[in-house]
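We call the chains A, B, C and D, going by the order they appear; numbering starts again at 1 in every chain.
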Amino acid sequence: MNEVLKNNKGLSLTIGKSLFKNPVFVNSGTFAGGVEYNAFFDISKLGAVTTKSFSLEKKEGNAPPRIWETSSGMLNSIGLQNEGINYFLDTQLCKMKELGADIILSIFGCDTEEFKKIAAKIKTIEKELKAVELNLSCPNVREGGMAFCAAPGQIGPVVSEIKNIIDVPLIVKLSPNFNTIIESAIISKENGADAISIINTITGTAFDIETFKPRLANISGGLSGPAIKPVALFHVYRLAKEKILPVIGMGGISCWQDAVEFLIAGACAIGVGTANFINPVISEKIIEGIAGYMVSMGFSSLDEMVGKAIKES
Amino acid sequence: MNEVLKNNKGLSLTIGKSLFKNPVFVNSGTFAGGVEYNAFFDISKLGAVTTKSFSLEKKEGNAPPRIWETSSGMLNSIGLQNEGINYFLDTQLCKMKELGADIILSIFGCDTEEFKKIAAKIKTIEKELKAVELNLSCPNVREGGMAFCAAPGQIGPVVSEIKNIIDVPLIVKLSPNFNTIIESAIISKENGADAISIINTITGTAFDIETFKPRLANISGGLSGPAIKPVALFHVYRLAKEKILPVIGMGGISCWQDAVEFLIAGACAIGVGTANFINPVISEKIIEGIAGYMVSMGFSSLDEMVGKAIKES
Amino acid sequence: MKLLSGEILANKKYGSSLYKLEVFSPYICRNAIPGQFVEVKCSTEDATDPLLRRPFGIYEIDKRFNVFSLLYIVRGKGTAFLSRMEKGQNLDFIGPLGNGLKFDLDDGKKYILIGGGIGIAPLCLAAAHLAEKEKEILFIAGFKDNVFFSWEKDIAKITQNYRIFTEDGSFGEKGLPTSYLAANIKKLNNSIIIACGPSDMLRVIQEILVNAHGFTALSLLEERMACGIGACMGCVIKIKEADGTVVYKKVCSDGPVFNLMEVIFE
Amino acid sequence: MKLLSGEILANKKYGSSLYKLEVFSPYICRNAIPGQFVEVKCSTEDATDPLLRRPFGIYEIDKRFNVFSLLYIVRGKGTAFLSRMEKGQNLDFIGPLGNGLKFDLDDGKKYILIGGGIGIAPLCLAAAHLAEKEKEILFIAGFKDNVFFSWEKDIAKITQNYRIFTEDGSFGEKGLPTSYLAANIKKLNNSIIIACGPSDMLRVIQEILVNAHGFTALSLLEERMACGIGACMGCVIKIKEADGTVVYKKVCSDGPVFNLMEVIFE
């Protein structure tokens, strides 16, 4: 353990009124509630565990097959299968607390009403959450999902209504599939959001040339993994430069060098997703890697490092 | 040589009034004029050689470094370096003809005026061209380029003005960086275009974590190669389903199976780009592979095969 | 389950595209039960293609030497990579994964293990386990052709009570394992059937058993996987539960062992 | 230039991260000239990461056995892959590429070859070529440390007239090759200088030569490449031509040999 890691403050950051111990989060939908991954390492070490997105009611998700591997990437069309917000409140929250996880709760609604109802439900436990992430960018559902990003005007009411109900830092998660990230970030800020998280997956597809059937029952899915890293990094850099809201960067991060690249491009924190599937201890390794990098580069706090590439270019 | 290949018609297709001997084209900017690649195989076998995009005057392009490799992909920021349309007319056309290449001339202008002037220049040799491709989607130039796709309204005048001047099938090449492909295709059709070619590269970036400098002097560049294949295929499928114009599909195609995947997803022809760099004879191999596939699947013409996945899904 | 690295002791060619990979791993040998699987990294440390781990059922466990093995068919990039690995290199894998087969050894039942193609792999570990406990087993294997020819010596070491069928008759008897099952269904009753193989085969067995009595039928299923540990919801299949409700279950963590009669094939 | 496949005859470790790869290829041995390079595929046939070919200068050509070799440093994914290749495997490469060095052997000039780090690799082929033609050469090599230690036996076979400098003094003399050049510039005049190495080194040489007379200076440059054959415009550098105009030139096909005095370093 080196200086920067020992002195907790070196890696810490705040989003809204929440303090995070380090900038390494895990991405919604790739880590469930963390219980499985705790078999591999102590998940309380993470800056935050972002939960799978929860909707008001249980959602059964899309028909299988739901995943398909592509060159350095994967397509998924899970379709937000989840047990509903009550499951989080009644079962999962308590397990995550036991493991000492710092929690970002990801929620999903197909309209403002559903979001409001979820917000009302989590009101009572809001103190247990570091932040709430609004998934406005799922490519795999018919209603809501990335439709919000196609028509950013709809983002305003969702954010402001939720802000009225709960007093937790709000993160808005956006899609790269429309050229609306900056516009959406401005609207999110105006309505009280505390951070933007980008990117959700990029829409893609694949077909079986023997049967002519799509590889995913849902036809299209979301591309994630190293293949999308340069695109994600570009969106993070472009948004961070605008200094609208803090940006949580994600998309293909697979090693500490990738994480550092997002941080210097302007992300205040980063999220590890698909890489967890390949190496279940990678997020722990990334924390260590960032700390080691900071020591070797002489950075004593994240602030000194975040956005370095913006300043230099 | 098998049946489908022997019987030339099996692999042939028409775009506008031009007949192409097979659906395997090479992508603008990845094959120069084909002279270099003719050292590796007989380029007259290709369905078409799409030239590097030519502007009215010589363009020096962006500062180096111009390329950076990413996971299963590459970023480029060439910035349309080219010798100007006169070089094509005076020097390159003749070399390409000597080699027996079927030519798609790619042209680029920063506004309608420049496009018109180029069109006027090529009027005299229009019979030598199978088609003209309008590059309205370069991510690496400040003026013109993908700005056309950001504001598809500007596409109409360019297409119609060129159509007034030259009588060659017109292909409009579009960008995936805005959610405007379908809208742009409709406008292109209304103004007389004969086909759409998608996708040009996806904007991305990369930084050096030691120096904080961007890996490309131009900061961002266009992502190409296998990494983008699922995204390109999705755009092709989505546009082809609308049956607006024939679609020439490209983006990450690296083997005949990839090519077939694009064809069954609805592309009338396909383009090989980045893969030429990795295997300079791949486009010839892809022609053979498609023919072999058609024989084994019992297809006797491209028509039977194109869009099969649309019909089945 | 753990993230493990184990030395490869052998990577033997069994047939044109069939290999057996032997790996040193005290942890797997101590903890794995039949039906469980491992997820193997099939690319060099720094390359991102192929990206995802590949799941393989555990084929054999030799506790004396702390060696387990996989039996695999080369299909695509990942298995091609695996086939090029050599003795002395380390295999990067996660395991043991999945629910596995839990046997009630006092139930006095016979076991019928019925496998199609590479589906015989995880069944062999089950057979070895049952044979060791001196349970009565019948192993029925079906193949397209004679690629599995040299596998016979492995099964013969476990039990003499096996039947091999090939579609083209090039190895064992000509025919389908499911036809054998259908023809002998009466005489086999009061058995526990464990099936693993292509879904067409599993579906036929399900149909045969719908009208038969006195069977418990378990199946080992396959679905494409990403995480392999129950976190991503990528590997679901449709299950009709006892009460009639239809739900998605994860093959990696709810399975890969499912009650065959509850599986909905589509 | 051709797309070639050649059997690997050896892949020897020369230093901690330095390797020499020997490949059978009559075509390269017949056609390549010093300064030319090959573009090597550094991934298995079916994998797409690493994606692009990697360029390497030709280090040695042995016409008797039709074997050429590369000398390379392991830097990232591609060279790591290369270092794992073994005798008997086939190398997939394109070559010979680039303009190469064309010598006017009757000019009566001396040749000073000055290389930094792995930049010595292509210079060795030039040295061998010149030595064979009995030209007078001086080979000046500079390294950070002693990684290139066992390389000395290769250069000693070509010429005894060489000087080795290291920054830390761990091998050869302590110092920089450029300092040596600067100190001896007068006495070395009427020479052809051929330089290859980091751009900082090349820039210093350029500065030294600006004020010196009687030199022709050539440099072998590096830039990231995609196609390697002049088709993609990816590998350009800035050149100030004799008439003062500044243009982009392609390292792969206009170079890698350029008049050092025309190169614009930024």
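We adopt the following convention: a residue touches a chain if its C-beta (ideal position, glycine included) is under 8 Å from a C-beta of that chain, and two chains touch if they have at least 3 such contacts.
It should be emphasised that the depicted structure is a prediction, and the values quoted were computed from it without experimental measurement.
*Asks:* Touching both subunit A and subunit B, which chains are there?
*Replies:* In this structure, the chains that contact subunit B and also subunit A are C, D.
*Asks:* From the mean C-alpha coordinate of subunit A to that of subunit D, what's the distance rounded to whole Å?
*Replies:* Taking the average C-alpha coordinate of subunit A and of subunit D, the gap between them is 46 Å.
*Asks:* In whole angstrom, how far does the Cα centroid of subunit B sit from the Cα centroid of subunit D?
*Replies:* 36
*Asks:* With centres defined as the mean C-alpha position, give me the subunit C-subunit D separation in Å.
*Replies:* 54
*Asks:* Quick one: which residues in subunit C touch 2 or more of the other chains?
*Replies:* 48-50
*Asks:* Would you please write down the residue numbers of subunit B that are in contact with two or more other chains?
*Replies:* Answer for subunit B, listing residues that touch two or more other chains: 71-73, 225-227.
*Asks:* Should the pattern of chain-chain touching be classed as line, ring, star, complete or other?
*Replies:* complete
*Asks:* What part of subunit D is in contact with subunit B in the complex they form?
*Replies:* Subunit D reaches subunit B through residues 1-3, 41, 48-53, 94, 223-238, 247-248, 253, 266.
*Asks:* Where on subunit B is subunit D touching in the complex?
*Replies:* 29-32, 36-37, 39-40, 52, 60-61, 63-69, 71-74, 76, 78, 81, 225-227, 254, 274, 276-281
*Asks:* Help me check something: in the complex, which residues belonging to subunit B touch subunit A?
*Replies:* 70-73, 75, 150, 177-179, 202-207, 209, 211-214, 219-220, 223, 225-231, 233-234, 237, 252, 257, 260-261, 264-265, 293, 308-309, 311-313
*Asks:* Sort out for me which residues of subunit B touch subunit C in the complex.
*Replies:* Touch list, subunit B to subunit C: 71-72, 226.
*Asks:* Quick one: in the complex, what on subunit D touches subunit C?
*Replies:* Per the touch definition, subunit D meets subunit C at residues 43-44, 46-50, 76-77, 80-81, 84.
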